[in-house]
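Have a look at the structure below before the remarks.
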C-alpha cells in the first residue's frame, strides 16, 4: 500500500521525538513555567524577528478555535473561505470556543479569499446593524484547503481591507511551513509584516507528533488567551514535553526541509500528470496537496493498485504528500494514473 | 534542591516515552482510527472488566471539564468538595465547557464530600425550582485534593444518594492510581461497580507525559462526547502517539508500581514526622500528598535547606511525592522538619 | 406615508393591550406561578388538541434560539433554509444559546426546505463522523421568509426524513397564524400532527405587543427548557402581564382574524399587479409578505409617492402587510406600481 | 390574605400601563429605532446628568447577566456578595451569558461586600496566575439582598479598590429606586459618580410591568452590548411598548414616589416591632424588605392569620413591601407579630 491519505497519517520526524526524550530529565515547574517553554519564546522571537508569545497546544483545531475566540467577541463574525478547514472540518469548534461566534464564507479561487469579494461582503454589514453579528476578524488558510498558496501581495490585500474596517487577522497555518517553502520568504514576511495578528502554527502535519502552537503578534491578545488556554485544557502540566517538540521542529531549519520535501513530491506528481487526458487539477499544486478530478472508475483502479487516498466526491480525489514520500512512490502514482486514464473508459458506477 | 512541589514537575516514566517512540512506525489513520487506539479500547475493557470507551485527552483539566459537560446540561449543578481541583484550580473550565454549568460545594472532611451533607444540600433543590439550576451530577476527587482517599463504602454512599436523585457520578481520578494503590482494590471496584459513570483517568501526575484519558462506563454518554472532544481540540490527528503512552502506562502494572512508590514516599515522611511537636497534618496521608500546618519560620528554613514545596498559606505547606522520590530525599525532609521544629521559635512574619 | 416596512412596525390589537390592563389586579405569584399562566396552559392545550407546555418569551429570537438549544446539543447541526430568519437575521442567537450549535443550510424554493435536498444533505453526515458536528434537528419557517407557506404534505415530507434519522423538528412560527389562515387547517394539523416537536409561536408580528411563546409538544424537552428560560432572562417575574396578552391573542379567534386581514391585503396587492410588465414575484404570495423584483428607479418613485418598504437589493423590494392595512392603502400601492412600471424607464442609479 | 411575599407579586403602577396604551398609535420602526426609545435615551441622560445608553430588557436577570457578560471576559471572575441575587437566584445566568464566567463571593455584613474583604480576596489573585480565572469586575446589589443599602462612601470604597485593580463595576439596581429614596441622593451620585460603569436599572419590583433596563455609563461597553442584546432575544421588535413603560416610570418622579411608599411601609413595620422580644432583624431595614428571625411556630401563626410571606429557613422569614401596601396592612402585620411573640411559646416543629 502507498499512502497518500493525509499528512497526519505519517510518522513524526525522529529529531522531534528525540527532543521529547531529551527533555525527560530533572524536575521542572508545571504549566509552562519551565526552561524549555521560556527558550521556546526566545527562539520564536528570533525566528519571527519580533517579540511574540507562543502557546503550545494539542491540536490544530484548538489553535484555530482559540485564536478566533481570542480576536472575536461571541457576537462576532469571522470571514473565511467556504472551503476553510475551520468551516468544513472542525465540528464548529470556533463557534463553541467563541461562545457562538459565526463563520461567514467569502468567495475566491482555490480555497482562498478574494480581496474584492471581502470588500463586497463587508458592504452588507453597515455599522450599527445588529441583526447579523459584528464583523470581527478574517481567517486565511495558508496553504489553502485546496492546496494553493496565498502570495504575499494577496495576504496583504486582504489584510488592508480587514484593517480598514477594524478587523483582526488570523492565519490558519496548519501548512504554514509548506507555504513558506513555496514562497521562499521568511516567516515574518508571511505573518505580522503582512498584517497577521495571530497564527495557528502547525507542526503535526509536517512531521510533528503531539503539539501545534498559537503565535501571537498582537500583545493585547495574549493575556486573555493565556487564561483561556488554561481553562480550555490546553496547558499541559508537563509542558516541557510539548515545548521541546516545537523547539526541535524549527531547529536547524528542520521544518522547512520537511515541507520542501513534501511540496517537492506533490510538484513531481503534478508535473508527471500535466498532460494526461481526463485529469484536471482543481487548484494549482503549490504545497503538498493535490486535488484532482478523475474519470469514473479510475479511483477504483488506483485502489486496486494499492494506493490510498481520499475520495471527496465521485470524481474528486485528494492526494497528500508527507515529508517522507519517496520519488519512487510519487512516480508510481503518476504511472498508475497515466495507465488508467489512457485505458478504455470503464463504466463509472 | 530537593523537589516536593508537585507530581507534575517530574520526569515521565521511561517506559511511556519508549512506547511513544515505538509507535513512530508506518502510516496510520488520523483522529483515533488507528490500531493503537483500537487496542487501547480493548486493554481498558480488560482492565476495568467491562466494556468501556476510552478517550485520550491532553490534560486533566480537559478530562474533568469535558466529562462534566457530558453529564450535566448547561443549566446543571455539579456537586463537589469546595477543595476540589475543578472548583479551585481549573479556571472554571467546567463552567466554560459546560455552557455555564455551576459547581456547588458540599462540605466534608479532608477534601471529600460527606454523604449526609450531600443529602442535606439536595433538600434545598426541590423538583421544579427554576432559580438555582438543576442538580445534575456529583464529582468526587480520588485521591482528594488534601491527600485523603475515599474508601469504597464512602464512594458508594455518595453514589447511592446521587442515583436516588437521578444524578450522574463523575470521578476526578487525577490520582486514581494512588487511590487504587492505597485501597488495594481493582479499578472496576473503584469506578463503575461503585456507581461511577465517567472517570477522569489521570496519568500525567503519575509518570505520564502528555496524555490523560476519559473513561466512560455509561454508553449513553459516549457518542456525544466523541464529537465534543473533536470540537474541543482534544482529538489529536496523530492519536497513536497518545494512545501508545496510555497503553504503556497500564502495561505490566506500571501505573500501580509508580503510584505505590510515590504513596510509599509520602507515608515514610508522614511516619517520620508523626510525633514532631508543632506539626499538624491537615488530612491523613493516604496517597502521595502531605498537607502540613507548620510553625512560622519553618517554611523559610526548609527552603534555606534546599527543599522546594508550595506554600498554601502562611502556615500551610504542601509536599508532593513523585514516583522517583528516594528514601534519602524523604528522610532528609523529615530530618529538616524535625530540626526546625525543635529549634527555638523564630518570629513568624 | 403608507407603511409597508414590516409587520413589527404596527400597532398592537387593542384587545391584547386591554387584557394586559385587566390583569393589573390583585397580587399574584411571580415567575409564572400565577393564574393567568395556568389558564394559558389550559387554553393552548384546547387549541392544539393535546397536552402542551407554553412558555411566554419576550421575542421571536428568544423563542427560536431557545427552542433550538432545547432540541440540539452544543455539537449539533440544525438544518434550515439559507433564507431562514434564524440564519440571516438573529445575530446567530441559535449558536449563542446553543453553545456553538451550527445552522446548516438546505436548498429549496421560496425560502422553504426541499425534502429531497434534505435527504441528499444528510448523506454527507454518515453516523460516526466527528468532524462536522452531529445532525440534530430541522427548523422550518412557516410562513417562509420569502412569503410562501409550506403545505401540510410538505411539512410532513420533511418531518418523515427528519424522524427517520432521529432529528427533532422545530417550526419557526413567527407567522404561524398567517400560515394557518392560508392553509385553512387547525393548529394541531400544522404542528404536532405533522411532526413538529417544538414551535416558536409568534404573536408580535400579528398584532401582539411584547410577548411571543414557545409551545412544546414533546414533554421530554420541557423540563430542561423551563430552567433554561429562567437563566436566559426570559421568565418575567410579573408573568401574568405576558400570559394575559397571549390569552387575548387566541381568544375568540382574534389571531386568525388578524392574520386573515393581513394575508388578504397582500393577496389584493399581488392580484393587482399580476400582469404588470416588469414586476416579478420572487415567491408566491401566500401569507402577508410580497417580495418583488422591480425595475430600476421604481423604488425611488414609490418612495417619492410616500410608500415605505425595505430594499433587499437594488432591484428587490419587500412589502409587508399588517392586519390594519386598508384596501385603500393596498390599492394605492398597486396603482403606484402600475404607474411607474408603465412609465418610460428612468436610468437606474 | 395580606401579601408580603415579594415586590414582584404586585400590580403595576397605572401610569406605566397607561403609557403603554398611549404608545399604541401609528407605525414605528422596530428593534429600538423608534421615537419612544430615542426619547428614552434623552430622558435618562437628563436623569443621570451625563450621556448614557439605555437598553430596555425583559427581566432583571437579563439585565444582570448581560451586564456582567459585557464587562467580564468568559475567563473572568466577578466578585459579589454570597447573598447576591446573581449568585443565589438566577440559575447561574451570569455564567451562561458570560460563557463560563464565575462569580466569586466576598464577605461583608447585611448582604453587602466589605471593601477590606475585597482587598484581601484580591491578594489571592496575583497577576499572571492562570488557574482561577482573571479578576474582571465587582457587582454590588443596591439595595442589598438582605434589605440594607450601601451608603455612598461604601460604594466608593469598593469602587476605588476595584478601579485600582482594573476591575469594572456593576450595580444590580433591582431596587435602585429604593436605595435612592433611602439615601436621598441623585441617581448620578449613586451610579457613575461613585464609580459604577454599568447599572441594572430595575423597574418591575417597583411598580413596573414587563421591562427593566441596562444603563451604560462607560461607552466602550455599549457597542458590543447592543449586538449581544439582539442575539440574546432581548430586543423587542415593538420596542416602543417597553420604552414607553420606562419613560412613564421615571416621569414626574413616579419611581421615587413608589419606592418611598414601599420603603415607608417597611420602616413602619420595623419600627413597630423594634422592641418585641424574640424577633431579630437580620439586617437593618433600609429599603422595602424585612428579614426577620422569628421564634418557632410564629410563622405558622402568621399564616393562619392570613399573611403571605416567604420562609427562608425554619426561623427566618422575609416580608417585602410593595408600593401599595397600606398602613393598615403594615400595622396588621405588626400586631400579629406582637401577639404571637408574646404568646406562650409553642413547640417549634
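So that you can tell them apart, the chains are marked A, B, C and D in the order they are listed, and the count of residues begins at 1 in each.
In this text, a residue touches a chain if its C-beta (ideal position, glycine included) is under 8 Å from a C-beta of that chain, and two chains touch if they have at least 3 such contacts.
Small disclaimer: the values here were computed from a predicted structure and weren't measured.
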- request: By the contact definition above, name the pair with the higher C-beta contact count: B-D or A-B.
  value: A-B
Field: Relative to chain C, chain with the most remote C-alpha centre
entry: B
CA centroid of chain A to CA centroid of chain B, Å: 35
- prompt: Could you state the distance in Å from the CA-based centre of chain B to that of chain C?
  reply: 50
- request: Could you give the separation in Å between the centres of chain B and chain D, each centre being the mean of its C-alpha atoms?
  value: 41
Task: Pull out every residue in chain B that's touching 2 or more other chains.
output: 31, 74-75, 90-93, 96-97, 99-100, 130-131, 133, 227, 230-231, 235
- prompt: Okay, in this complex, where on chain B does chain C touch?
  reply: 31, 73-75, 99-100, 130-131, 133-134, 224, 226-231, 235
- prompt: What does chain A use to touch chain B in their complex?
  reply: 3, 5-6, 8-12, 14, 17, 20-21, 24-31, 57-63, 65-66, 90-93, 96-97, 204-205, 208-211, 227, 230-238, 241-242, 308, 322
Field: Residue ranges of chain D in contact with chain B within the complex
entry: 74-75, 88-93, 95-102, 130-133
